[in-house]
């Protein structure tokens, strides 16, 4: 018995669920979990189906394609350990949380390597037996630095690149190379406080709640599709530095929540938004 | 064009979604929203489908029954204003919130009447043009009191009876009369602090969070299926009375949230639990 | 036995608590609740003290002034019912919540009148026995409209003017007239989505949490000191209109929370921020 | 310049703040942060003061004792790294979080050792350079097992013993040995679901929110003073095992929050309740 996840993204029309489930029924596949959504703005239909059973993926893919409208996007994903490369800088909270989950195999995924533009986190990562690459950026152009990094990343052939507080801006070329495969944690409740020093900005504005946002990275800084957000209350007694500390805990939780959803293939994209099944 | 909501609760087996959506497709009904769940404990399948189109309800019901296993429970609900009778005692916060929503027709429902065992809320209810019945309990046996109340309620033929801080315990006979149709708001995070004076209990225990629970009423006090819960942080500076005040705001929000779900036919029952679609 | 609240805002230096509490002790006043804060950015000290006892306010004020540095700001507030004038437009949720609390005297305050630029809420307000003034803006210049409104407001001599979803922008002249006395509820998690149609903006951005912000009004739109904020999770299935509905419940709760704090004299201002004791 | 924290717990009477701050003022100590609370149930006054300056602790203690009523409890705590011994069983999430914080010196504390009744976590702990003691319980009486453990613990002379999902019940003798110094994380929203398998209990009850509770351990199982609680929403689609997974994230956050408060000397005890300053 095998498990598949089927993701469908197609133009909406009547009978889609019927057509898809008919194929699954005739292939003797048992639906374990099913979710649908119609984006009435774009008139597209989204469906995520977890099935159990035995089927030839290629035939299933062909049958679904034949049954669905043109411009349908169909993915059949077999359960398998996904590969991650993590980029970090000096802060340890997000990386630490990912490393512990990885060490104890909490997820159906593995961290292949950690790459950093500083040495700060090297000892910790190596102690837990994960390759660590220090790619210092000094004396290198942004493009050169990224090219070395991309070559390193590609050597691991990861499914996703996770920015666990990686504090350098990525070029459009780099972002495009890993389209829809880079996940970032931004230390604010986007779209409030885009850019640098969000906790300083939050303190200066006197907000009573701060937040963190996990999102896909696209070419516009902090503007990619949002996956998860969370918040924590703050008060007048906390200065920018206290807020930054308070924010760390939700940053790491939000990044982990987003990754869990992604690793379970529960996140679909509709324009600049995510659909979370 | 009409809207229906179809609720299915049946033994789980392969092909259920296929069989149901085939019927809807052939009847030219468009699925607007669809949700499914399999309770693996009881091996039952639950589905809620919102459709648009024109169909003879009786024929549709027959077709679905023919297509689904025996011991299936199928309900086809046409959109219509539901009727509520509200029972209250002296506290105004839950009733006040319901009355405002009713006055401005926020929900596809109407409060037909308010019944109370005190006069406290009478003036407020009457000002907003809703019939108010004061059924004082003094000098009456519990059974007599409830019989008068049931007769009054039945005169309005309500879909649901809402206990908006009705502070008298109901007899099994009364509860059975309105099986799965009585919604209560309990002023604690059930199952903590069952019974009387939950805020006093919460204060004595020194909890850091208090809660409220909206649930269906069954014959065991505070043990019916939970619909919604919410919480609010408290601290050492709040005594039992402060906690009660803090709790009022979440009580009224939780009761309203639960009612909204019920009025949209999003709540199904699986044993002593609710499934919320 | 009387209760006072003493608010002190003064340059920070050693011994302030000692000097203040010495005076209270010698006046035989019992401290019921006490809170302090030093804003290290501005080097100012803030203190809120609730005392019980009998004292001549003028003498107490003089003694405190003599004991504290120059440029100290001292307020002694005797418990008394505060007066509110509420401005609203067409939405009922915030106004409804305030009106219910007012009707049942939940706060040590009274709503003297409701002023609106539409007739929509008139019947509801009048049913609950509160004066309603419809000041339609059509055919009037903004200044003329505001002048009539200010005259009306001043006739009630309110402590605070509450904007319960008042959807017209106020002129600087009007805002200055009621400096630090106008409280607004903004239907977003400020500073995200400043300006018009915040729920539309939130939907377009694909956020996973929406919020509401109660703040003092100053001359820069949506930029006054924040008093309270709260949030509610949303998901892809909710469009802008669904988000607006979901937001209403937190808007009304946040506005009420902010007002409760203000009416208990728990809100002090430090530049563009609030200190909440 | 040194920092002290002064904790006072004494019978309430007029002038306490004045008497305490007078001493601090005359000793030229600058108050950085100050909090007070009167428990009107027990008529005791609690105060936590952070001061900067130079003072002889013994003299300060004597002066405060002389100024305050008899039966006062005064503690002067100089900033210093606190020592922790962590007890764990097989679950890694709470321990992992503590170990990462410890590794990067997030707190003014150090984990001296981890003791476990299983080998599961040994490799992880040793990789991060912390002593790990496997004290298997098989073939040992509870008393014998605890005596070996107590001897081990005492060898490290810790300020606190942290139960990071230590799944064995402790005897009253052990609990008394470390009175008010054992912190536990319970995997439910106490007092709901006391005892074993709280997530199974929560699932069976059909709750919509689950929680975690950090508390001091006393002799009655799960009934010690509560320090922190937190919750996370769940729904019908989550079975007991899913709830347990969802609960892990809040368990680790709540335990860390509680420890942070304790390590900053912000937690005082009033009977079976905590006061958190």
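Descriptive notes on the structure:
Labels A, B, C and D are assigned to the chains in the order they are written; within every chain, residues are numbered from 1.
The criterion applied here is as follows: a residue touches a chain if its C-beta (ideal position, glycine included) is under 8 Å from a C-beta of that chain, and two chains touch if they have at least 3 such contacts.
Fair warning: this is a prediction, and the values are worked out from it, not measured in the lab.
Hopping across touching chains, the smallest step count from chain A to chain C is 1. Annotation: B-D is the more contact-rich of the chain pairs B-D and B-C, by number of C-beta pairs in contact. If you lay the C-alpha trace of chain C over that of chain D, the rotation comes to 180 degrees, to the nearest 5.
Separating the centre of chain B from that of chain C, both taken as means of CA atoms, is a distance of 35 Å. Averaged C-alpha coordinates give centres for chain B and chain D that are 40 Å from one another.
Looking at chain A, one finds that residues 237 touch two or more other chains.
Chain C meets chain A in the complex at residues 37, 39-41, 189-193, 205-209, 211, 225-231, 235-237, 239, 270, 272-276. Across the complex, chain D meets chain C through its residues 14-15, 17-18, 21-22, 24-25, 28, 30-32, 34-36, 38. On the chain B side of its complex with chain C, the touching residues are 33, 92-93, 96-97, 99-101, 103-104, 124, 127-129, 237, 249, 253, 256-257.
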